[in-house]
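Look for chain A in each of the two complexes below; its partner is chain B in the first and chain C in the second.
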Partner chain A sequence: MTEEPRFRSIIGSPLAPATRLLLGTIGVAVCLAAYEFYVFQHQRDGGNPRFSPGLGQLWTAFGELTLVDARTQTVPFWTDTRASLWILAEGLGLGIAISALLGVAMGVLSTVHAMLTPVVSAIAKIPPTAMIALFMVVFGVTGDAFKVALIAFGISPTLTLGISLVAREVPKNTIVKAYSLGATTPSVVVKAILPQIIPQVIQMIRLAVGPAWIYLIAAEYINASQGIGHGIVLSQRMVRIDHILVYVIWLAILGTAIDFGFHWLSRLVAPWAAARKDD
Partner chain B sequence: MTICNPRHRLLASALVAVGAVSASCSGKQPDREAPAGGSAVAAKPAEAPPRAPGREYQIAWSVWTGWMPFKLMEVKGFLARRAAERGIQVKLVEFPVYMDAVTAFAAGKLDGCALTAMEALQPAAAGIDTVAIVVNDTSSGGDGVLVRGIADLRGLKGKEILLSELSVSHYLLVRGLDSVGMKESDVKIKNTDGDEAGKAFVADSRVEAVTTWNPHLFQATEGGKGKVIFSSKEIPGEIIDVLVVNNTALKQAPVLGTVLAEAWYDAMRAIEDPATREDSIAVMAAGAHASVDEFKKMMGGTDLMTDRARATAFLEADTTRATMERIKKFSIDHGLVKDTHFAIGYGAKATEKLRFDASYAAAK
Partner chain C sequence: MSGTLPVLECSGLAQRYRTRGRDQVVFEDLDLTITGHQFISVVGASGCGKSTLLRLVLGSERPWKGTLRSHGRPITHPDRTRGIVFQKYSLFPHRTVLDNVMFGLELAHTHLLQKWLTWPWYRTRHHRRFRNEAMHHLEQVKLHDHADKYPHQLSGGMQQRVAIAQALIMRPSILLMDEPFGALDPDTRESLQRTIVRAFHDQNTTILLVTHNLEEALYVGTRLLVLARDAREPAAGSRIAIDLPITQSAPIDSPGTQELLAHVRHQGFTC
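Up next is the complex of A and B:
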């Protein structure tokens, strides 16, 4: 039985799904219309259409980018996408592995927490892009290792601190109950603490994907044979603003898809977490 | 960016203004000039009302052996004097990243730019009326393919090679591969700034091949760290550096071309004259953050066009035209120029979007 709200206010009042969809669509449409209007104005004032490609031109540019390149016999757009996603996955994977290990250890063991907190918090303050030059020297510029390392280094400190925080917040009585039911310390961690924090950890990983993209694109800008950042650099060199915009829109689409993927994963592994919220 | 560029929000300005503003607002210029410089760079002929005759013309250059005379023009006051004679204001803007200057020029945000003849095609293809008025130098061993553990060009097969993609370094490599019947797809090109590639080669023994320029070439070879298997010496006169001017600016101030050419040849005379040569080299070396000895070595790989008659003849010569056709083909093949009918004009009467016009530099 649904409970009637005691009072109605414009603040935070719920909407029907259809209304939400409609409003979202209007938002996108207004954005596109505003862009088209800008393009129209810019070209009417005698601006160079090369620097203000309309939506039609962007679609043409997408067509051009997805053609087979005569020199390499590949479609640069897809090879770029594959390359970037692969490095992103490697970097995220490594970063998550490090953070999960350290974060849980810090969350569970007060000694580890006391020892690592100052170090990890200090490292978290370093803008990872400041480390690019150093990473290129240490990991070399011949492969993609430095990009993977940069992403892992970039996301780990914050993720580690976040995981340790939620692990420490697991209610004491949950742990006591697990022990009183005869669980050993390792199984308390694996069976009582981990399942509790999983949905929050997934949320934190979801938030780490954004920064991971920044580090990846920055690294691809300066040293790469393929990848979305590399594609943008070459487009800039060709003064192809339309190609750059296609890559940028593609980044938005990929980011949204990844975000949705994590959302879906969270529902899959911890359906109770979504039910717990009043959403 | 928006502070410096309030009048129009070109999408390109997002890319370009960073470079333009960082250059004009960098420590090289006095502070009071920074905002003024920024807004002048941002103004665009197509949209701006006719400018006051007193406006300042912005000419971009970046550090490269053949362009260090621009430093000389500035330090020794050659440009200021020539500009004052003709009653115009010209300012040199040093760009820390060369490609940013090219992009800014291509977006119509600069009145002139020192660039390679190859990069001159891109602004022209983007619709900028581009006139090359002075040839600065041609590379003669100053650019090269540097390797370790590889015997010759054929040994590059399957190797990863670091270079600045779609630049003259890329062109040089392709010319080298062509000469031994190899294709570009035989090697794996990794886009890295040429300077960074050179430094990485010297610092990291895992790097097997790079295409870069001096001082990295002689630093690596002298240190026994690698050898040059193909250089611009083998394609003489093909890597050409020119000073181009946006024709819109030339129409507003026809003397701009003359002022720049005269100031350039003032610098050339200062370099040639035994009485001022050492001092000139010292100024240029300091500007390039190199020692005098290093800079002299760098000059050895550069055919600086100090002889005015030779330089003006070169600008419209048949050999130059043949080279430009080759460079144009490379640019079209690599998608740098989309229009396959793109044409290059020569002489004062040419009307093509890119033209080589020696009339400004011809001795008067």
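Up next is the complex of A and C:
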């Protein structure tokens, strides 16, 4: 290690990647250890192990959940995961498509912006879960349509407003510059505005994945024949705390993986944005 | 035909802005004719309408009164016959240096749909030609070694060099520059002034440069315009106080230049 010539404060001082990895691992380890300690205490005091499954027990539960179901010849855990991810993807896709269309139109055209901002902001104030009853009636109780609709409804208003905001904040100079280089209005939008906002849009989509999961699990709690939320409800009925915890940990892992995916996508499509200093 | 008509012709030009219900006239009765190969430096105090004049000539703003013509055609919106270099945000952050310089050629010679539908053909035919031409222009501003970098990886001076190349590749009949070197340190500034004077001679482009730095205006220009407001009528807009030909690259400490400086300071900067 060479010595840093600069003044180093404890505030925001940079760390080596290896140090970061080590500290992150310690964080996880401390968490697991604390949980194990809680389980140990609970059981020593005569608590029901059913309500305090240890890490080993969770691993066994994971094994149970991934057993092949004799009746359907499938593993419910994986089919649940696949079903949930598919609906999540559909809901996100629909929501992103709507928001991208509306958001860019609002960001580029002042007339559309003036017309839609009040409506979209008002819709954004509705707690999406309040729409579950309506969507179940409109899109049917049985299919997945109402869950997709709920996710799309939940994420699009904020995403639309966000996209319109960043599209409006594209420096006017670059737009004028594009015109002065011979661009037509459509090519200003496609070649000067859209590429500039892509990294911020991906960032906003990344933040929308969290709420999308909330709406999906909520919808699956209420009505589903498969899916992770459905799996949790079944586990709850059989008072299998260990199964619930396995599902919850699995949700954390899936969420992190999706997050990394978007991060990677952002680096791939907009390598210039990664290291850009503002201004 | 277009050779005989003035590159730029403004008559009776006036502009006002409405701020908090009050009209503020920026400038009025502005007549300006630019013919042939000139490098016009526009100076004036803040608020005298230098940048406004530039935006009107570019077409990104409409005048309140008066007409603007370029080669006889009225100016209604920015187009590829008038290039612009801003002080900031001149480049597209998502494009590399080379792609920034190529941008205008891409836009001018191909439609989006045409490009997408004929991708392999476009790639081999047009793209290579654009690339070569862009590299040539980058060499002119001595940035060919940085072609694959993104704008944020360059210093402010280098970014302005790219912006100059980006505008000049379109061979505009007039190049507009809005305090292009205002944010740069003195050394970089000087070297860029030399670059732009060289480009002026090489490319046969008329240049209209706005600056608040009188020395800079005298160094780069072949014609000096001073916009100033009459001190006795603060409500009126500014006018052209001085319009005279000057010697480009004249040494700044020569008696003639010093005399001119004193004259302009006395006349123009009373506003």
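FYI, the second predicted complex is superposed on the first by the 270 of 279 C-alpha atoms of A that agree within 3 Å, B and C clash if a C-alpha of one lies under 4 Å from a C-alpha of the other, contacts with A are read in each partner's own complex, and residues count from 1 in each chain.
Assume a residue touches a chain if its C-beta (ideal position, glycine included) is under 8 Å from a C-beta of that chain, and two chains touch if they have at least 3 such contacts.
What you are looking at is a predicted structure, and each value in this text was computed from that prediction instead of being measured.
Clash or fit: chain B against chain C, after overlaying the two structures on chain A?
fit
Once the structures are superposed on A, label A:P195 by its partner contacts, choosing first (chain B), second (chain C), both or neither.
A:P195: touches chain C, not chain B.
Where does A:G46 make contact in the superposed view: on chain B (first), on chain C (second), on both, or on neither?
In the superposed model, A:G46 contacts chain B only, not chain C.
Now for A:L234: first (chain B), second (chain C), both, or neither, which partner does it touch?
first
Between chain B and chain C, whom does A:W272 touch in the aligned arrangement: first, second, both, or neither?
Second partner only.
Regarding the shared-chain residue A:P186, is it in contact with chain B (first), chain C (second), both, or neither?
Touch partner of A:P186: chain C, not chain B.
When the two structures are overlaid on chain A, which partner does A:S156 contact: first (chain B), second (chain C), both, or neither?
Neither partner.
Output check: A:S84 vs chain B and chain C. Expected answer is one of first, second, both, neither. What do you get?
Neither: A:S84 stays clear of chain B and chain C.
With the two structures laid over each other on chain A, which partner does A:T142 touch: chain B (first), chain C (second), both, or neither?
Only chain B is touched by A:T142; chain C is not.
So after superposition, what is the minimum Cα distance from chain B to chain C, given in Å?
45
So in the complex, the part of chain A that touches chain C is made up of which residues?
171, 173-174, 176-184, 186-187, 190-192, 195-196, 198, 270-273, 275-277
Please output the residues of chain B touching chain A within their complex, sorted ascending.
8-12, 15, 44, 46-47, 99, 103, 106-108, 122-123, 125-127, 160, 162, 165-167, 184-185, 188-193, 196-197, 200, 203-204, 206-208, 333-336
Inside the complex, what are the residues of chain C that reach chain A?
By the definition above, chain C touches chain A via 58, 60, 77-80, 82-84, 86, 88-95, 103-104, 107-108, 111-112, 150, 152-153, 166-167, 170, 172.
Which stretch or stretches of chain A touch chain B in the complex?
Of all residues in chain A, those touching chain B are 38, 42, 45-48, 50-52, 70-73, 136-137, 140-142, 222-225, 230, 233-234, 236-239, 241, 244-245.
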